[in-house]
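Here is the structure we will look at, set down as structure tokens.
The letters A, B and C name the chains in turn, as written, and every chain counts its residues from 1.
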Amino acid sequence: MATIIALFALALYFIFYFTYGKTIRDKVLKSGSAAATPSERLSDGVDYVPTNKYVLFGHHFASIAGAGPITGPAMAVAWGWLPGLLWIWFGNVFLGAIHDYLALAASVRYDGRSMQFVAQDLIGKKAGKTFAWFILFLCILVVAAFGDIVAGQFAGDGRVFFAFVFFCVAAVISGYFMYRTKVGLGWGSLIGLALIIVAFIAGNQLPIKWSKDVYFLIIFVYIVLASTLPVNLLLQPRDYLSSFFLYFGLIVGGVAALISFKSLDAIPVFTSFSAKLIGPAGALQPSPFWPTVPLIIACGALSGFHALVAAGTSSKQLAKESDAMFVGYGAMLVEGFLSTLVVISIAAFGGLALGDKLMATPALGRFVQSFAKMVSTQLPFFPMSFMTLFAAVWVSTFALTTLDTTNRLGRYIIQEMALPMKEKNPGAYGFFNNKWVASLIIAFVGLYLARSGGYTTLWPAFSGANQLLASIVMLTVAIWVKKKLNPKYTMAVLIPAILLWVTVTSALIWYEIVIIPVFFRDMSKVPNVITGTTVGLINLFMLILNFIMIVSFLKNYKDTKATA
Amino acid sequence: MSAAFALSLARSGKKVLIASLDPAHNLGDVLGTKLYDKPGKVETNLDALETDLNSWVKRYLDESREELARTYSYNLTLNLNSFFDIMKYSPGTEEYAMLWAIEHIRCNLAGDYDIVVYDTPPTALSLRFLAMPAISNLWIAELTKLREKILSKRTSITRINPTSVVASSCVDKADDKIYGKLGSIKRRLSDLSSLFCKESYMAVVLNPDVLSVSEAIRIKEELDRIDIPLSGLCLNKRGVSTTAWSLDHSLAASPLFEFDFLPKGLHERNDLASIDTRELVADFLATKS
Amino acid sequence: METILKKLRFILDTILQVNREKACGILEFELKELENIFSLLILGGFVGMPSPPVPLAMELLPYMERELTIMLSRSDMAQDPLASLMGILEVD
């Protein structure tokens, strides 16, 4: 069964790639007769550099793949294994991959400008400002969500923390060899891989039992410090080595799933439409599949971040516009396949791994155990204890990378947004302009929320913000198709965009009226109240911005003249 | 003052070149000869010249423009050409032109003489160009460090990814033109710096009044800041007025040479000889050896 | 048989190239910024910033073609850096 599902997913993605994708490329974008890409026209040897589409694919895929496509689906199995898969499949091919593809193409046609610029041009100035605020909230919420997940991971399996620490050391050492000496990439990578194995062995031998709170503190210190280190010390080499985790995980996971023929019996096909998924720990609320599925499954199906990444570096390096199908549409489909593997591993092997405790285990633990079970039973060369450690370190590394890079990004955004304060309130401006203050704000607020809210509340908040961003992008792209491409195909993009917008907005409103009040049930629990207020306000603010933006959108949509 | 000093030295048998750096250029009037940008004979053992600052600035700009035309792609040159005309007026250029003029004298002309005397421009400009090497050196040092960092990063990236766009600009330190240029600028500046600090006799001329003394104090402070020793103070026009004044104690460290006010003024070269510079000359020759 | 080998060779080369780019991506980004700063420091005199003295800049200018290109590209990016930052910082 697992095999069939995996094959089905592959087939589905292939078919849609070659039919739907091609239709977009040939009929909507007409890439065959499109003008030369900015990488050719504006080639400057700096950013605008035409790149081979396979290399660009690898680059783009590595940028968009993180811990997201794993976390969401692992949580979504509470609805049963089929509903989540349906969203991962059809949400991806009709929304997610299209979103990535058209965002990339739009950016290419706009000379490699960012999505913010395109949205501003087509929807209006308000859309541009909305982006900045959304990204700031996303930075805080992602720290909250991933912070809790990683802390839970470390607390759950005592080996992971030291394995991760030694992995960082391995990265620093191999970075030294690769960048500072004449050792070169090949040998440097081998040194790195050897040190990773040492790190795993060391982590295995040194299990520790610290409380989650201790880990929160450690993560806090880590985020603030790591985001100030020079990039060649830790960020670059660790980034490089962790890509091997991704390749390894994807390959062994894919192979194991395809040869397993295991039936998906650990989890029912469908549990309930309103399974209890979202809410503060211990008080999970019934969460209707529609509209709340985008609050759970973000990156595997659709992610606003991807549009920003696509319009960032990828659009400036696309050699031919027709390559955008492979890079934009294709990369997202591969990510969808990764999410499919996550669901398969849990649904088929979760029972073997965790028995009755499957749904009681935190989402990531679920994935780690099931994935490890799947690989170790199908490919006995890899023992269970190694695979659990590997999977845990894999996800933790990606999550922690996101934590410190979001801190770097968030620092910049806070300073940018504090700029208007310079004249009116120079004291406050000076305060926010300090890079340590900005860094500490994000880390502290994020982790405070993590500690009191838990990922079951914060992941949906993060996901909601992410999906809202994606829906703005989809609406932007819909107007783009209408005004600049071919009005005949507007509906093909607009209808999914509107459906998405309605879904996400409803989901966030549901979140505001169902989940937030739970925090205030016991007013004596101060951390809960603070968390509820903070998240509630962030959510509310985003909804308001969202409505302002949709009004702008409707005005611009009716406007028959394209804006300058 | 400097003219009297130079004349005295020349008449005592030394081969002297006196160079006027003062844009006001009254050296020629004092010596009674018309002066040009090249050394011209005034009398036996004494040559004089007046630096033409404008021509130095122009020469400097022209050199750069030529290098640009040679090295840059031609479309860039077209865009930057008009830039240079504005450059003439930029604040930094006069000081630099002064420095290169001094360097020219030192490297190309000084060999023919025993002593070169410089008649410096008014305080403000003098202090600026004297400080130039010290100030610029720090900048050059930092820029050089940054350049080294850039070059080493280019190398490590190219080593790992030979097809990177950075590869074409990846060169050794020895081959990097910018690094080389920074090094040669540094050398020129440190030569000049050592000329000012170690190989010169810096004399400040002041008048017997409170304002002049304050100015002299300021000059001393500036010179201390850039490590140039004040070798001597020349009190000019002693007795020109009866107003009380006194020499500040901070100036006491340097030897003081006093010269009387000449009520008849200076009309011709030989009047300079009536200024008794024997003590000053003796002190100078003592420190020189 | 030959075409299969050729294809395999191509796949291997591509994978290796992706690998190489992954190993240097962030470093390249950082390098561009350093070069930009270097250019700004030198050419600052042209735009009224106090240092370095303009003549110094003039002497170095003839050799700074790549640096100027980067400076232009970065000044473009400074208007809208969020997208590039998100791409290079692996936020997702």
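Following the convention adopted for this analysis, a residue touches a chain if its C-beta (ideal position, glycine included) is under 8 Å from a C-beta of that chain, and two chains touch if they have at least 3 such contacts.
Just so you know, these numbers come straight off a predicted model, no measurement behind them.
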Chain whose Cα mean lies nearest the overall Cα mean: C
Leader among chain pairs (count of C-beta contacts): A-C
Whole-Å gap separating chain B and chain C, where each centre is the average of the chain's CA atoms: 40
Chain A and chain B: spacing of chain centres that average the CA atoms, whole Å: 63
Whole-Å gap separating chain A and chain C, where each centre is the average of the chain's CA atoms: 26
Residue numbers of chain B (touch at least two other chains): 153, 156, 160-161, 165
Junction residues of chain A - those touching two or more other chains: 45-46, 178-179, 185, 232
Per-residue multi-chain contacts in chain C, two or more chains: 17, 20-21, 23-24, 27, 30, 66
In the complex with chain A, residue positions of chain B that touch it: 153, 156, 159-161, 165, 168
Touching residues (chain side chain C, partner chain A) in the complex: 14-15, 17-27, 29-30, 32, 66, 69-70, 72-73, 77, 80-92
Contact footprint of chain C on chain B as seen in their complex: 60-61, 64, 67-68, 70-73, 76, 80, 83, 87, 90-93, 95-96, 132, 136, 139-140, 143, 146-147, 149-150, 153-154, 156-157, 160-166, 169, 177-178, 181-182, 185
Residues on chain A engaged by chain C in the complex (per definition of touch): 44-48, 52, 54-55, 58-59, 62-66, 68, 107, 113-117, 131-132, 135, 142, 178-179, 185, 189, 231-232, 235-237, 239-240, 243, 299, 303, 305-306, 308-309, 311-314, 401-402, 405-406, 408-409, 412-413
Complex contacts: residues of chain C adjacent to chain B: 17, 20-21, 23-24, 27-28, 30-31, 34-35, 37-38, 41-42, 45-46, 51-56, 58-66, 68
